[in-house]
Amino acid sequence: MKRAVTPGTFDPITFGHLDVITRAAQLMDEVIVAVAASAGKKPIFTLEERTVLARQAVEHLPNVRVEPFEGLLVDFARSREAQVLVKGLRAITDFEYEFQMAALNYQLANELETVFIMSPPQYMYLSSSIVRELASFGSPVDMFVPPHVAKALRDKFPD
Amino acid sequence: MKRAVTPGTFDPITFGHLDVITRAAQLMDEVIVAVAASAGKKPIFTLEERTVLARQAVEHLPNVRVEPFEGLLVDFARSREAQVLVKGLRAITDFEYEFQMAALNYQLANELETVFIMSPPQYMYLSSSIVRELASFGSPVDMFVPPHVAKALRDKFPD
Amino acid sequence: MKRAVTPGTFDPITFGHLDVITRAAQLMDEVIVAVAASAGKKPIFTLEERTVLARQAVEHLPNVRVEPFEGLLVDFARSREAQVLVKGLRAITDFEYEFQMAALNYQLANELETVFIMSPPQYMYLSSSIVRELASFGSPVDMFVPPHVAKALRDKFPD
Amino acid sequence: MKRAVTPGTFDPITFGHLDVITRAAQLMDEVIVAVAASAGKKPIFTLEERTVLARQAVEHLPNVRVEPFEGLLVDFARSREAQVLVKGLRAITDFEYEFQMAALNYQLANELETVFIMSPPQYMYLSSSIVRELASFGSPVDMFVPPHVAKALRDKFPD
Amino acid sequence: MKRAVTPGTFDPITFGHLDVITRAAQLMDEVIVAVAASAGKKPIFTLEERTVLARQAVEHLPNVRVEPFEGLLVDFARSREAQVLVKGLRAITDFEYEFQMAALNYQLANELETVFIMSPPQYMYLSSSIVRELASFGSPVDMFVPPHVAKALRDKFPD
Amino acid sequence: MKRAVTPGTFDPITFGHLDVITRAAQLMDEVIVAVAASAGKKPIFTLEERTVLARQAVEHLPNVRVEPFEGLLVDFARSREAQVLVKGLRAITDFEYEFQMAALNYQLANELETVFIMSPPQYMYLSSSIVRELASFGSPVDMFVPPHVAKALRDKFPD
């Protein structure tokens, strides 16, 4: 049985993340969406809020569950007995960073394999930070995130 | 059950390819190494030679088999009822090309998922063309390919 | 009045090229699609065939005309009194090459401005060479090129 | 008539920006230099100071005007009935970011075209942040910015 | 006699830095490791701590010395009568930034040559920021930094 | 004493190559310009012609000599007891290829150090292939190559 971890800050979860998670769920027996504390990034949603928003977004996927984590990703993956990390790749900048992380994680935990799924072209430009910026200016974000996330963003940035 | 195809020209198969194939074999239930005819690239080994060299290189991996193919990769993958393409990524140039191929294949056969495994740092510089060039100058290639491939290269480029 | 040249080999013209040409035609008063001889690339269609296929593809655009050319692009642009080159950008590899060409052309003809239009995500993977490869395997290409080009490709690659 | 917007933070305006603006002014009938509030970047000059410095730098260009803006660029461009965004490209990192922005803006406002002008080689290394850093160390910046901007930087960073 | 400067923030010095410094010391007659104040980066070690940690790490290299500096790198290099800057390159993002810096420094001080040494594959993923992150989670870092630096990190991040 | 090799095909030598060679000659005690046979690239000038053109171009540099070579670069460098390879870097594509070559050469001959010098902005677009293409169309190339090379190109491509 193959258990995978798909990590991220998910501040908030977007259709781009959901695309990667859905495809991971088709490839693997079990997928854990690991929501990183990422205190250094000063997320606009708390770790609990981000976990709840992600959980609601994947509740239709029976082999996917969502868990918050702090500390090193490889330690979390080990504690869950996952064999695989699944990451989405959007662009060259992603690629370089992910390459370094994959090499580092391989050194830290060589039993853990990292696989990459490329985002489809229509999600290439999509990131949580763009969604946050649009929402902060009061621009609609319904084409980028599920309805419950759009509502959470409107609550976070009232006019 | 997950059946994957790992395509390539394999002219000849290197330790870099074997690394990707071995890791794919750990992730998937069954792996088909698909040796492309690639007539346009004018390979130095025939399609049959490349297939035999690859087959010998993976014979210790019980869930891996090697098959030659001509025509479109997505047609081959469909005919074998594979759900996944597994590709190795070494560098930015690879990344761009593979991104385009993944997007194209998604358009041609959206039931087929492409996943990428990054080559470990020590294989980043390794390619069949570098191995061929070294062999053509009589330089030893034992650190880059299995012994039976090194022998085939010496036979191809006698002093 | 702004007259632009959009150069290429167009072997054959694709929906990706048409997207760039259409957008150039909205930005500029007049657009000349310049079909390069590109003898070194050994095109599968003759210069005349490529010119005719391109001409048919743009006949609905009143301010666009198609012309074959040999020699240096900057000499052609000068002879047509164009002030602008319009190029499509798909990927990093394009970017680097185009950057070098823009710097060279600026040195050769600094009155000629080069502007770039990025291809929309859905055309990022599309190139004439991919279309030729698909057609050579008998795969349908109707989603990538206009009907008259698809027919020309079927004639070029009969089963 | 073609009206273009060239957006930026302009903290402060450099010869690299002026090169792009000047070339845009030759291509388009009217150019609006849009100075973004960019509160998140914590500029060293206020929005008003940046607007004034930019305005003085372009006063010799009759078809260019400078305006500050807050909020989404596409909303500003629409309110000014611009059909085109003109951006300068210096490097791969720019390219990736700009590609994502162009794709996003196309989704948000598909009547707005984004065109790119590559910076000439001599301005490739030039950025407002490098100019700010040089000025903060008391290094002369006269070769990178107009005299009135150099003076404003000296006032901002007295010895 | 060739005197080189190898600049950095060294927060803290890693085996990747040491690899570059060691190779620079073989190429040049004298190497000055220049530890930048880098106040804007908010280093976790003070300038003095970083200088001492670097000094201990290179004490076995007779033609290498370590000095802190503030202000512009080219001014420091001039004051030490160095003819060469030696930088390590790990990745594309490095490359772009370093290219811009080399072009800028060439403009500011064209008697100063910048040369680059590529990091070996096993250090490609290694950076001070990754080391700091690992240490902050209590993860061992002995494979990435010398023992005295590992100890300093443990003191900085007690459990 | 530091002896360096600067390898290339030099088909023909350009001002970009000369810039790298000149700067290498300032950094190193002795520089050998190694002209590769590169039979696979089908050069337009013979190995002897390329060697003579390069030799004339560097005759004013007392510590530089030009030699043709066949076979592996590392074998040539070893036979000349060189400790360093000096390469020019122009762009990302160069960077990737050179990174792979440096890693390969390090594996083949780890006593041989590779250092890179970035081309100044004004030579970034310059390559032998662009010069050949310009010359083949009868375009003047005097701003890109020394006079004796321009003459050799005119002789190679008479009108």
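Residue numbering begins at 1 within each chain, and the chains themselves are lettered A, B, C, D, E and F in the order written.
By our rule, contacts are C-beta pairs under 8 Å (C-beta built on N, C-alpha and C of every residue); 3 or more make two chains touch, one makes a residue touch a chain.
Not measured: the values here are computed from a predicted model.
Student: With touch defined as above, tell me whether chain E and chain F contact each other through largely the same residue numbers, more than half shared, or through different ones.
Tutor: Result for this pair: same.
Student: Please work out which of B-F and C-D is bridged by more C-beta pairs in contact, and write that pair.
Tutor: Between B-F and C-D, the larger count of C-beta pairs in contact belongs to C-D.
Student: Work out which of E-F, A-E or A-C repeats the contact pattern of D-E, with more than half of the residue-numbered contact pairs in common.
Tutor: Comparing residue numbers across E-F, A-E or A-C, the repeat of D-E turns out to be A-E.
Student: Could you put a whole-Å number on the gap between the CA centroids of chain A and chain D?
Tutor: Their C-alpha centroids are separated by 33 Å.
Student: As a quick test, compute the distance in whole Å between the mean CA positions of chain B and chain E.
Tutor: Here chain B and chain E have centroids separated by 39 Å.
Student: Just give me the whole-number Å value for how far the CA centre of chain A lies from that of chain F.
Tutor: Going by mean C-alpha positions, chain A sits 47 Å from chain F.
Student: For chain C, what residues touch not just one other chain but two or more?
Tutor: 92-93, 96, 99, 103, 121, 124-125
Student: If two chains touch, include that pair; go through all of them.
Tutor: A-B, A-C, A-D, A-E, B-C, B-E, B-F, C-D, C-F, D-E, D-F, E-F
Student: What does chain B use to touch chain F in their complex?
Tutor: My answer: residues 91-93, 124-127, 130, 134, 137-139, 143.
Student: Which stretch or stretches of chain E touch chain B in the complex?
Tutor: By the definition above, chain E touches chain B via 92, 121-122, 124-125.
Student: With touch defined as at the start, can you tell me which chain B residues reach chain C in the complex?
Tutor: Chain B reaches chain C through residues 71-72, 75, 92-93, 96, 99-101, 103-104, 107-108.
Student: State the interface residues of chain F toward chain E in the complex, per the touch definition above.
Tutor: 2, 23, 26-27, 83-84, 89, 92, 95-96, 98-99, 102-103, 106, 113-118, 120-121
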